[in-house]
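There's a structure below that I have some questions on.
The first chain written gets the first letter, and so on, giving A, B, C and D; residue counts start at 1 in each chain.
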């Protein structure tokens, strides 16, 4: 029983690490633009599909695949920003969101046109079996996932707290009007935030498909939903919250799956989100806001 | 051989269950065009082949059946009694809900779930307990 | 003296409602100019229009001879205008030092920025003790100081101040006005929006009265009896 | 009319119920990601009532509408005080919960020697009331559009009444509305319940048109589409959502020659349309202009 609990916790944290990465990207965009980007996941999916296409054609190596995923995702993200968010900057949040939904349809169709099968193999990160630690097992991919997530968080932390770009990003999240008043060029910040968020999403997407060993068109919707869910659990627009929310989502899913099965797993996550919104809409983890 | 045996078992199993309602089975082979299939529909009622029906064949995507669907086509009578032939022009591979509209001896609508890939189409059997990816 | 800021026939609207119905005024180089008027007269709208947050529907705003109406806020900051906004709007989740650094966002001289921050700490002593505290945890008066210091970090030629005394205790209001006079003595031109007409008239060289989106009076302190100014600044002449 | 044209027109009608449901909330200032859940509640409850209990369709539709509005009321109760995206997320969570509950829902009975009823992810087959009565597609099309017409007339009457003005006032500025003495929360609950009933009616009609439903029919895609329809068509009049559905399905059907490329063209078109008309084709301005012109 205890062994199972700990094993579930390990599995949950692994999944949670991926969710956290997805949520950070999602939160960056939401925090800075105050807009929901439904095309966030589909852009990641398109990036993974582009890499898979290259793999099918030319059998390229792991690092090249990762680079391709990154480049294609950032490109798709830039396209989404130009078409769905730049034109709606001072206008309706709903229109921007619906536009990002329309582009979602486009990206998904594009991906399935290039690779029409429902499922494609994606080269695994590590071919061997799971590592065993006493009674527990841990997949090598899980370790990579953790390591990369931690590294990505550290890099983001450095970027946000040690650079001029980071200062502008935090200023816009904190108090958008004041950010404009101190002379921050908002459109330019948005473009770069999209690039960073897309890159983080690409890292998450690459790790997810490489540990699953396959890509499906479901990845788009799945990434958007998980990223949004984790962001909401952690509190809208808070970056530390996104990490906590991602890990919490992973843990909740792993444990409720073990206790109640896969359908109840999803049910629990949504129920929690609903209850949280109804009872504590500012999220579990929020930065102090006065004045 | 094995396939026809399976067909027989299925037909027998449903014999007492539905004396009135029509049953259908689908066999599809890919055509030269992408996502297009030559399909044979076998209609039966009470275990007996059901000829002479007016059959139109369409297909929906399970999520978004109202927007993602295939223009229904009229099926032509096939080689054996109770067999009907139609060409299905799908938009993509994967799971489709094939929709048969029957008129004539029966007036009914049947929905069959098939998974389409490069080789053909297989019926989808979902346990309902598998995790969704 | 020459006009540093020249506002001519500016109309700014929210949807169909015109908040500014053709406002014209001037701010002389080196002066403290004050804009007085009741709530909803369009004072904040004029400040936001000058800083580029709001886009005027028509009219011209000239700063040091260049047209800035409709320009983006970051371009206006680059020209040398900084706004201390109504309600202060400090960055609540950033430390006091980071708030100041954000104020110097457009400057590239890193060492000089840090030295400038130290000078700000010397001038606004209460901020120094709170250097590593989050902006959101400061008291109202401290937030106001931070907001002023942050605006100064961009080294503006013209400082716009929107209701700097709003919601502050009288002692702190005195302190804020002492700072305003001091900044002006150091060469910064100041354009001030105030409800506290009594304090504003003490420091201003020139003042305007704005009522319902229009300038209704312009003069030097003393050109209109103070109680008349105060009455109109609070109530507006229409309702009197 | 062949089966194809009838099918497309029926789909436009069915979708319009859902789009109208999303529209009703949008003009009251709330964006719901979850109207598909009430569509599903209508489809499941209506299907069970006719297929298992043998009730006539009109009775089943009435009960389903009541159930749909009750569910919408219960979801609205704790969430309607949330603003903007928070409300959108809460409705999304509720709708996904509903979809998963449909997946867990098994309720089968032997009817005429056949197991009929919801069977989890296997779906719910044999909702045959319409077919057993020999209703032809054209007849069903007339039923769907007849009901839609009634709904539209109700909408148009409402929009011209004080009720409509109140609704738009709440949508534009809830604080102002509140200060005018309007009980915003109660009003929104009523709106949510009405929108739930409308969606449920669409669901009942969909289930009986399709004879088969499954949980995946009611996933988030459906909800986002209905929102998009209301927004593409325009928020100025109840004809907006209808126009949105027609534009979407019309362009989709009209562009079948493009085969797999049609969603690429369509997605781009919608995004560009929203840049020029962020409140849709028939927005308040256009509607105002049209009214001034023709009345």
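Going forward, a contact is a pair of C-beta atoms (placed from the backbone, for glycine too) under 8 Å apart; a residue touches a chain by one contact, two chains touch by 3 or more.
Values in this document were obtained by computation on a predicted structure and should not be read as measured data.
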{"item": "Centre-most chain [mean C-alpha coordinates]", "value": "A"}
{"item": "Rounded Å distance between chain A and chain B, as computed from the means of their C-alpha atoms", "value": "40"}
{"item": "Between chain B and chain D, centroid-to-centroid distance (C-alpha), Å", "value": "30"}
{"item": "Euclidean distance of C-alpha centroids - chain C vs chain D, Å", "value": "51"}
{"item": "Sites on chain B at which at least two other chains make contact", "value": "35, 92"}
{"item": "Touching two or more other chains - residue numbers and ranges from chain A", "value": "112, 266"}
{"item": "Multi-partner residues of chain C (at least 2 other chains)", "value": "none"}
{"item": "Chains that touch, pairwise", "value": "A-B, A-C, A-D, B-D"}
{"item": "Chain B residues within the chain D interface of the complex", "value": "16-21, 35, 56, 58, 60, 62-67, 69, 71-72, 91-92, 97, 99, 101, 107-111, 126, 128"}
{"item": "Of all residues in chain A, those that touch chain B in their complex", "value": "112, 116-118, 212, 216, 218, 222, 257, 261-262, 266"}
{"item": "Complex contact set, residues of chain D against chain A", "value": "26, 31, 78-79, 82, 84-86, 88-90, 93-94, 96-97, 100-101, 103-104, 220-221, 224, 227-228, 231-232, 260-264, 266-272, 274-275, 278-279"}
{"item": "Chain B-facing residues of chain D, complex", "value": "3-4, 7, 11, 14-15, 103, 112-114, 119-122, 125, 128, 131, 134, 206, 210-212, 214, 216-217, 219, 221-222, 225, 248-249, 252, 256, 259-260"}
{"item": "Complex contacts: residues of chain B adjacent to chain A", "value": "34-35, 92-95, 117-118, 129-133"}
